[in-house]
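Multiple structures are listed underneath, in structure tokens.
Next come two complexes, and both contain chain A; in the first it sits with chain B, in the second with chain C.
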Partner chain A sequence: METLITILAGVLVTVAVYLLLSRSIIRIILGSAVLSHAVHLLLMVMGGLKKGSVPLLGEVSDRYTDALPQALILTAIVISFAVTAFLLVLAYRTYQETGSDDLREMRGFTDE
Partner chain B sequence: MLTITLAIFIPFLAALFVPSIYKWKPDKIGWFILIIPLVLFISLVRFIPRVAGGETISHTFDWIPSANIYFTTYLDGLSLIFGLLITGVGSLVILYSIYYLTARESLSHFYVYLLMFMGAMLGVVFSDNMMVLYVFWELTSISSFLLIAFWYHRKQSRYGAQKSMLITVSGGVAMLAGFIMLYAMTGSFSIRENIAMIGEFTNHALFVPAMILVLLGAFTKSAQFPFHIWLPDAMEAPTPVSAYLHSATMVKAGIYLVARFTGIFGGDAVWFYTVSIVGIFTLFWGSFNAVRQTDLKALLAYSTISQLGLVMSLFGLGSAALHEGYSDQSVLYAQATFAALFHLINHSTFKGALFMVVGIVDLNAGTRDVRRLGGLMALMPVTFTIALIGSFSMAGLPPFNGFLSKEMFFEAMLTVRHLEFFSIGSWGILFPILAWVGSIFTFVYSMIIVFQTFFGAHQPERLDREAHEAPMGMLIAPSILGLLVVAVFFFPNVVGDYLLRPAMSAIYPSLPNIAGAMKSIKIWHGPNLALWMTVGVVVIGFLLYASLKYWRSMYKVGPFRWGLDSVYNGALSMMERSSTVLTNRYMTGYLRHYLIYIFGIFLILTAGTLVLVGGVPFDFSNDSSITVNEYILVFGMMVAGVLMIFVSSRVTAILLNGVLGYSIALFFVIFRAPDLALTQIVIETVTTALFLLCFYFLPEVKKERVKRPAKIVNLLIAISVGTLVTVIALAVQGSNMFDSISIYFENAYELTGGKNIVNTILGDFRAFDTMLEVVVLFIAGIGVYTLVKLKSRKEGRDVED
Partner chain C sequence: MNNMIVMPMIIPLLTGIILVFFRSYIKVQRVLSFLALVATAGVSVYLLNKIQTDGILRLDFGGWRPPYGILFVADSFSVLLVLTTAIVSAIVLLYAFSSIGFKRENMFFYPFALLLVAGVNGSFLTGDLFNLFVCFEVMLLASYVLITLGGKKVQLVESIKYVAINVLSSWFFLLGIAYLYGTVGTLNMAHLSARVAEVGQGPLLTVISILFLIVFSLKSGLLLYFWLPGSYSAPPTAIAALFGALLTKVGIYAMFRMFTLIFYHEPSITHTMIGVMAALTLIGGSLGAIAYKDIRQIVSYNVIITVGFILVGLAVSTEVGFQGAIFYLVHDMLIKALLFLLAGTMIYLTGKTRIEEMSGLIGNYPLLGWLFFLTTLSLAGIPPLSGFLGKLYIGQGAVEAGSYGLLALAFISGMLVLYSLLRIFMNTFWGETIISEEEEVPLKKSLLLPCVLLGIATIALGIGAESLLVYVEDAAYTLMNPEVYVDAVLGNRK
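Right after this comes the complex of A and B.
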């Protein structure tokens, strides 16, 4: 399971990096969203998967799942939401001002 | 004793109160400031008898003990001399500047900078720990920068400030490297401990590099050739600053450093030659160039360079005393150090007085150009007297203190002929010759100051103001210095016994008898070679001065004309141009390029490390089992992810992103993370809604019009980054170097009273993180709000247009 999820995360990172390198702002924002998905999965994997019960004390179990990655991911989810929201509004404003969503055009490069 | 440590901090503390005093009594502020150096001076004077009795006073408190950095202050004969100069000349300079600067200037800035300098300079001379010394050293450079640029509306001031900053700070950084090398050798940052231990390390590979780097710091600060070029440009500072920083104290920090480190590096041939040759050449070059100056302050600047070279060369010669332990020979060479210390004090008195005189002339005649000045003797009798005393002392004439130290200087230079080690041979004769020639030029420019300013025809039509004598208050400070010049001549051994001898023991801690072995200073020592050299200086100097107009044109020919200044300016503008070109090449402002740099460096460093370390540990034995529906979920996510690259419709793209997000939520359920699953579902829903909302305002995602090569590059980078991340993640899981710390949190109920471990981590164990996370959300919220809000205003304005 761990290896499979790690490979899935790797694929998502590949997709995210490809999207980040493109010229359209929307694709870049999507890229950053996918990247945070990948990172959440990776964090999850680090604590080991499906080993022990839900980290709620009082559950009848001799072992709990690692709670630390979960806490980290919870923070990360919220932060990545904030980043996405900010980037979206930034893209919206940029489009209002410049009439373009193409980073290359914004820099004044002529099209290839 | 805490007194010395306090002495460093009092000026800094006082600087804090300057602005409020300035608000209260803007025109009287100088008088309040004057109290500080005066009090410090008096408290230092009270130490003189104890230090003369052989006592040293030190006080330590821990600063960064883990890095061997202790705030140790140390008072011995050497630091006492400098401490007295800093506070004594400081008091006089502040008294003088009360009259020099009008209330229209931003006095509060001026005094804050000046106090900052005073504290930093005291820190330099009282610190025993090299790191602490370095911090104060750079602080003096910074305050000097601020003071030179005091009239920052002038282009020349800004240029001079930048130049001094660049040169002295680069020297300071070199010095820091030298200190670190010393630490690498001896394991101590304490100068005294280094002096005690260095004997075992003189053959260490780092010994000479450390020495050269420390000397670079000293030479840049003390304006030694070829780093002297910053000092003439520093004359753009107000005259009190020139008198204080750029003649009496800061430029002597380099000399202090050389004196202090003689105990460490002295006795080595490289040190001996570098210090003495650079010094003697600077003496010659400075005095030679001073003669051609027409601006009195520029003349004094070159004269300071030359005099600093004189003191420097004496310290170089004096270091020979450490070559072979205590003997009659070493006493002979140590005499050079004795002369150096004496001249150091004398220079501060007569040069301080001369700077103040030039300031008075500048202020009351409207110019400091010697070609326009003349005949001021009758108009400014007091100023003239002080100028006469200062100049004649500088020229080395009796009955002024400069005569005594100049004679000692000649004698010391003559002893080099007898030097039998360091394979000096017959080259030693060059030292007295250069010294003598330099002294002739010194005589000539000293005469220029007196005669061209105060004698000759008065030309009122060429002056900007009607010349008149300065007010009484302004004359007090230079008069005190002038009196000292004469007093030291008649009572030289008061200075010698109470200040110089204790300083000798401080410079030569390994030769405890050396201070007592110094000859006492004699006003008349009979006709010897040194005296005849002085007579020669006077005769030839006078002839040269009389024939000045015939040979002055020599400065316009050939190699004398192009100076090091053009080299500096050229190098600076070349560096600016090339860095602009270079920066513009890679800072394109295009996000894709920056991301490529980031990913590229990540790939090179991490993949490189993995290859270097060799072998990535994989261990799949610990994996848990996989069910069929989990396979389906993973497969679905991979397809959704890869599809995102190819879709052209933005709604499809956001839906695919939603697929990813909700699948992850399902995984969180499977992986026993209920909190995460809940959060993920909520956030994913809001995000998708937000995307759709924004898409209403944004254009359709166009098919990427990117050339094929660029696409391939992107794909390659993406695949390599993805692979590398996977490999690293697998390697991390494969190795088990540390125990998990998560067991700790399973005590959550006892520690916090909560049963949900994730919640207790967020709300209790790491509550600060959570609080800051909320701050991030808050900031993002403000950002979003501002961006939306800004628009309406801007649009409103557009409509008006």
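Right after this comes the complex of A and C.
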């Protein structure tokens, strides 16, 4: 199971890199969102997938699942949500101002 | 256990949240945000002195003993930076009062500036790697808003790149955390240090450390600085000054923590890499600083040169080198804020940004001219100003470690900093006065006051270096001996 998820994370990273390397802003945003999912999956695998019972007092078992990675992922998902939302609005506002979503046309330092 | 440690983060955070509800009361916002930062500075002075008597302080949130819970750790290094952050941001806010404009004040400028400070202070104080990531994000999200606030075309275009590159590096940060957790199974920095020391820093851990090096290089502008000059030139002066003074320093701080506390076992790989990157940064930054004629670009490239210079102190890894780097960090936060404020004031007064379009300003604004000259001298490291001691110690550290190449580069770049700023000075302040007295834009006292305050601070820091040295020595000692930090955090567990 771990191997499978790792491969899935790898595929997601591939997709994300492809999208990030394009010139269109909206693709870059999608790429960063996909990359965040890949990293979340990897974080989960790193803590080990479900190995035993819930780590609560009163649960009697000889194996417990590590709960920490899930707490980390939850936090990271919230952050990723906020950042992606901000990026989307920013891209829309930039499109309104410049009439373009092509990064190549935004090169160089321009005054006003 | 000391509850005061959380104050430098909580005060700006809560004030920022409260101020959101006072949107239309600009006066209230100004007063409260300034008071919050002054209070933060007061708390940090108290903490700094407490550390000298009681040793490193820590606060376990919710009473969870390390390494299980999240905690804040206050040692001299972090609290020195927290104190400087509070002072610099308070002074920059003074400048913002009369320059940022009603539109931005009405659109939550003060809450976001305070949230930025909260994120910066949190990053300095946290003792947990994942918490560091979260504090970084608090700081970065606030900075995303600040850089786009106002919504001018150039701001939006530049901030797209800034946001994109920072989002990417944040995910790499998380990736590094995932790998580290998978390898050693903890995220508490002191515990990480102990465990890495226990199992030895093998090739796998060294690769992970290089991943962190890349992440923090992107954030601090070490070698990977291509995004920096553009995005630091776009926002209004007060915001650019906050960025220039604070943001890159957080990346530098994180790098110091990582490579003195956790990954210090393979200096021949990691520290050599840092040295090479610092050298290339010095060269690239210097070239940029002398190539451009736009004041904002020159000033932004000066930020990059400093990053390279401070990391020379980390690359050589001697106690004197660390002392120099810490001293220079404190100095640079003050002086970069001053430099950005002065450059912004010049642009505000003349309405021009290129140095060949200004001339003879010293005839119109003598005090501004002398302040700029003072800044130039301080950045070049002329005694008795504050840049001197940091440069001296970093140089001494490089000599002790025998890295003469880095030493030469560091001081040649110092010369080029001097040249690039003198070029601004001679082109803009000297020469024929082209603005007649009738056309002269009056220089408001409220704009000049923060610059004068920062000017006094750089002189005071230079002359009073002796009294600061106690704290700097303690901070460098902790960096040099990571077991001090580890014992303070995990001590009563053993």
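Definition applied: the second predicted complex is superposed on the first by the 98 of 112 C-alpha atoms of A that agree within 3 Å, B and C clash if a C-alpha of one lies under 4 Å from a C-alpha of the other, contacts with A are read in each partner's own complex, and residues count from 1 in each chain.
Convention: a contact is a pair of C-beta atoms (placed from the backbone, for glycine too) under 8 Å apart; a residue touches a chain by one contact, two chains touch by 3 or more.
From a predicted model like this one, the values you see are computed outputs, not experimental measurements.
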Which partner does A:L35 reach: the first (chain B), the second (chain C), both, or neither? second
First (chain B), second (chain C), both or neither: which does A:I26 touch? first
When the two structures are overlaid on chain A, which partner does A:L103 contact: first (chain B), second (chain C), both, or neither? both
Applying the document's definition of touch, where does A:G47 land relative to chain B and chain C: first, second, both, or neither? both
Under the stated touch criterion, name the partner, chain B or chain C, that contacts more residues in chain A. B
So, does A:T75 touch the first partner chain B, the second partner chain C, both, or neither? both
Is A:Y64 touching anything from chain B or chain C once the two structures are fitted on A? First, second, both or neither. first
The shared contact residues of chain A with chain B and chain C are 20, 28, 40, 42, 45-47, 68, 75, 79, 82-83, 86, 90-91, 93, 103, 109, 111-112
What does chain C use to touch chain A in their complex? 130, 133-134, 137, 141, 144-145, 148, 151-154, 156-161, 163-164, 167-168, 170-171, 174-175, 177-179, 181-182, 187, 229-230, 233, 294, 297, 353
Residue positions on chain A within touch of chain C in the complex are 20, 25, 28, 32, 35-36, 39-40, 42-43, 45-47, 68-69, 72, 75-76, 79, 82-83, 86-87, 90-91, 93-94, 97-98, 103, 106, 109-112
Report the residues of chain A in contact with chain B in the complex, numbered from low to high. 1-15, 17-24, 26-28, 30, 33-34, 37-38, 40-42, 44-58, 64-68, 70-71, 73-75, 77-79, 81-86, 88-93, 95-96, 101-104, 107, 109, 111-112
Which residues of chain B touch chain A in the complex? 588-592, 595-596, 599, 620, 622-626, 630-631, 634, 637-638, 641-642, 644-645, 650, 653-654, 657, 660-661, 664, 667-668, 670-676, 679-680, 683, 686-687, 690-691, 694-695, 697-699, 701-702, 704-707, 714-715, 717-719, 721-723, 725-726, 729-730, 732-733, 740-742, 745-746, 748-749, 755-758, 761-762, 766, 769-770, 773, 776-777, 780-781, 783-784, 787-788, 790-791
